[in-house]
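Note sheet for the following structure.
Order of writing sets the chain letters: A, B, C and D. Residues in each chain are counted from 1.
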Amino acid sequence: MPETPAKLTVHDLACARGERTLFTGLDFELNVGQLLLVRGGNGRGKTSLLRLLCGLSSPLDGEVRWRGDPIRRTRDVYHREMTYVGHVNGVKDDLTPLENLRMAAAIADRPLDEAHALETLKRMGLERCLDLPARVLSFGQRRRVALSGLVVAGALLWILDEPLTGLDVHGVALVETLLCQHVAQGGMVVMTTHQPLALDGVDIVPLMVGELSAAPGGQ
Amino acid sequence: MIWASWNEFVAMGGYGLYVWGSYGAVLVGVVLEIVLLRRGQSETLKRLKRMQTWEKQ
Amino acid sequence: MSIAWFKYSSPATFYGLAGKLVPWFGWSAGILTLIGLYIAFFLAPTDFQQGEAYRVIFIHVPAAWMSMFIYMVMAFWSAIGLAWNTRLSFMMSRALAPTGALFAFLSLWTGAFWGKPMWGAWWVWDARLTSALILFFLYVGIMALWAAIDDRRRGDKAGALLILVGAINVPIIYFSVKWWNTLHQGASISMTKAPSMASLMLWGMLVMAIAAWFYSIAVALYRVRGIILERERQTEWVKKLLEARS
Amino acid sequence: MTALATHYDPTRENDSFSPLRFLWTVIRRDMLLAARRRGDWLTSQFFFVMVVSMFPLGIGPEPEVLRMVGPGVVWVAALLASLLSLPRLFAEDYRDGSLEQMLLSPEPTVLVTLGKALAHWCIYGIPLLLITPLLGVQFSLPAEAIGVLVISLLIGTPILSLLGSIGAALTLGLRGGGVLLTLLILPLYVPALIFGAGAVDGALSGIGYSAHLSLLAAFLVLTLMVAPWVAASALKVSIE
């Protein structure tokens, strides 16, 4: 397959939850080396937008395209190149952090370099609890397990829903460095957060969700 | 006409219970469904009307 | 293409159309029922074997036919809905289910009331009666699923999937029950072939079946109007309609 | 930090074994999780034994009566045991978010539902087969009948898991999910019950059981072809 440039485009997207229409006519484009920061009050559809971008839910109207093709048709290519970390960590309580990583990599059909995984877990500050079942970890630690899964996966596009919740100061700093490195290396990020972010030298594309037609750049 | 008299018709050759039991059940079922349907419809309209006025305030 | 018509017919126009059709189907169902009853009670001769009890088939067989026919119509609308994602098709199958369940129950009831004089027992594990019982369970299952899911989009699609799986299973269930029944009891007197099928009786049953069919259409269209109002509550035309109504 | 290892990597494209490997991963994963939580597994097995053992208390101890009733009782208990353990199929993964990660895998979702149904069969179905001979003795079934009973359950239990996976996917996250699942799926179990219990009846009464078992196998093949796809689309609908 000819390698078209990696690009996430959203065309006239509309989303509804139950009876309420959350947003309509959403258009934006995200290129390599950019971070889309989705802002908006609670319940305005931030999480719904992210789930639409992943293809977990189908939009009321409009389309999400990856490399120019709608994600519905190029599902396997798209899912091979993106990783999603949602509100819920996707960490199994009965497995240890390492087992969680290994299982997540197997599910995502990605090669897992054991040493790299262990090193990532240590770097995420989980060296003390490597062999404990995730059940005993705190929410913040479980969040770090999910984020280390993200790093190990090494996908091109990161879709993160409030990645900083539950993290202490060191955790937040760690995530910020991860984001900077990922974007600097030509990765792409779509994320929502309520906390202020110190991302120097990152091309941030702000996006407000919630008004009827979300105009990008309305920081 | 097959039936000499009215009560012969009702007796239905001794099988009155079964014949009228069946037809009666069908009649009850149909009438019940129609009544419930009309009442349900008017209730829906009332409820929607209330919600509409509530939303208008 | 007729299906396209359905895809583009907005609920508003269908609401009006259904409104006009309901009385037509309703009255024709009533007239046909009267004709059918006349045939059943005044034209059909007494059966030498079963006396008057056999007259129950004029209501039992149409009810059984309708319970299966309505399930297949629901499967049709479910398939259309899943293929083209048309909301109206899902609403139609939701509107049909209660009537189908009613006919399934009535076919069981009339079957029992006919079994008593013929076989001496209120309930007989005859292949047809047993399949009707399982079909009734399928109806109950689908309505329970719809009731349990609040989100309409999910309820529609989940219900449609269950109906389609059920539709695949109905013939298999009927075959397995028939196989199971003939092994245990031997070929019992089958329902339809009991008295010699004089053409008059066939006509009687046909008229009653069509009456039941028209009745189902009338009821389904009436019910679908309520569902449309409920779902299109936010739209302008419903708001105007409600104001006109007060 | 290593470079972004897996950009779009064309070499992965023609790896024809990845679907099978993914299926095995899903099965291995569920078996591992079940092994870590042996309690749930045990309760389901004891449920099966206890339900079956209740019937002689209700029906009475005469061996002839029990022999006649035995196959049906064991089969109905197998249905109930599988229905008891099915809501767990997706519920925990749905709650902790790993189900979403599985749906976001590049591999088709059908493999997820097929893998989970097969894992459910291995965890809850196969142990039933090991317990059945003991219960067969309880109902004074002759050795040959117990053999046919075990074979019929061997063919039947995957059907229960596959059809059950549809119910589990449809009722995901609903309140009263377990009872609702039973209401939806029990009618679909009828052919399996009739052919399965009928096979043992055939063996007991001497009219032969091969017809029943072949029909049961045919129903299994049909279910194997239909159920995973339906469950996969049901999952996508429920996750929405």
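As a working rule, a contact is a pair of C-beta atoms (placed from the backbone, for glycine too) under 8 Å apart; a residue touches a chain by one contact, two chains touch by 3 or more.
Given the structure is predicted, the values throughout are model-derived calculations rather than measurements.
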| item | value |
| --- | --- |
| Subunit C reached from subunit B - shortest hop count over touching chains | 1 |
| Maximum centroid distance from subunit D, chain identifier (CA atoms) | B |
| Middle chain, criterion being Cα centroid separation | D |
| Interchain centroid distance [CA atoms averaged], subunit A/subunit B, Å | 57 |
| Approximate Å spacing (C-alpha centroids) for the pair subunit A, subunit C | 49 |
| Centre distance in Å when subunit C and subunit D are each reduced to the mean of their C-alpha atoms | 32 |
| Computed distance of Cα centres, subunit D from subunit B, in Å | 43 |
| Multi-chain contact residues (two or more partners), subunit B | none |
| Multi-partner residues of subunit C (each touching 2 or more other chains) | 151, 233 |
| List of subunit D residues in touch with subunit A within their complex | 1-10, 12-13, 18, 21-22, 25-26, 29, 32-33, 36-37, 95-98, 100-108, 239-240 |
| Residues of subunit C that touch subunit D when the two form their complex | 82, 134, 137-138, 140-142, 144-145, 148-149, 151, 153-154, 157-158, 161-162, 164-166, 168-169, 172-173, 175-177, 179-180, 183 |
| For the subunit A and subunit D complex, residues of the former touching the latter | 1, 3, 6, 54-58, 75-77, 79-84, 86-95, 99, 103-104, 106-111, 116, 133, 151, 153-156, 181-182, 185-187 |
| Residue numbers on subunit D that touch subunit C, as the complex places them | 166, 170-171, 174-176, 180, 183-184, 186-188, 190-191, 194-195, 198, 201, 207, 215, 219, 222, 226, 230, 233-234, 237-238, 240 |
| Subunit B residues within the subunit C interface of the complex | 1-3, 9, 12-15, 18-19, 21-23, 25-26, 29-30, 33-34, 37, 40-41, 44-45, 48-49, 51-52 |
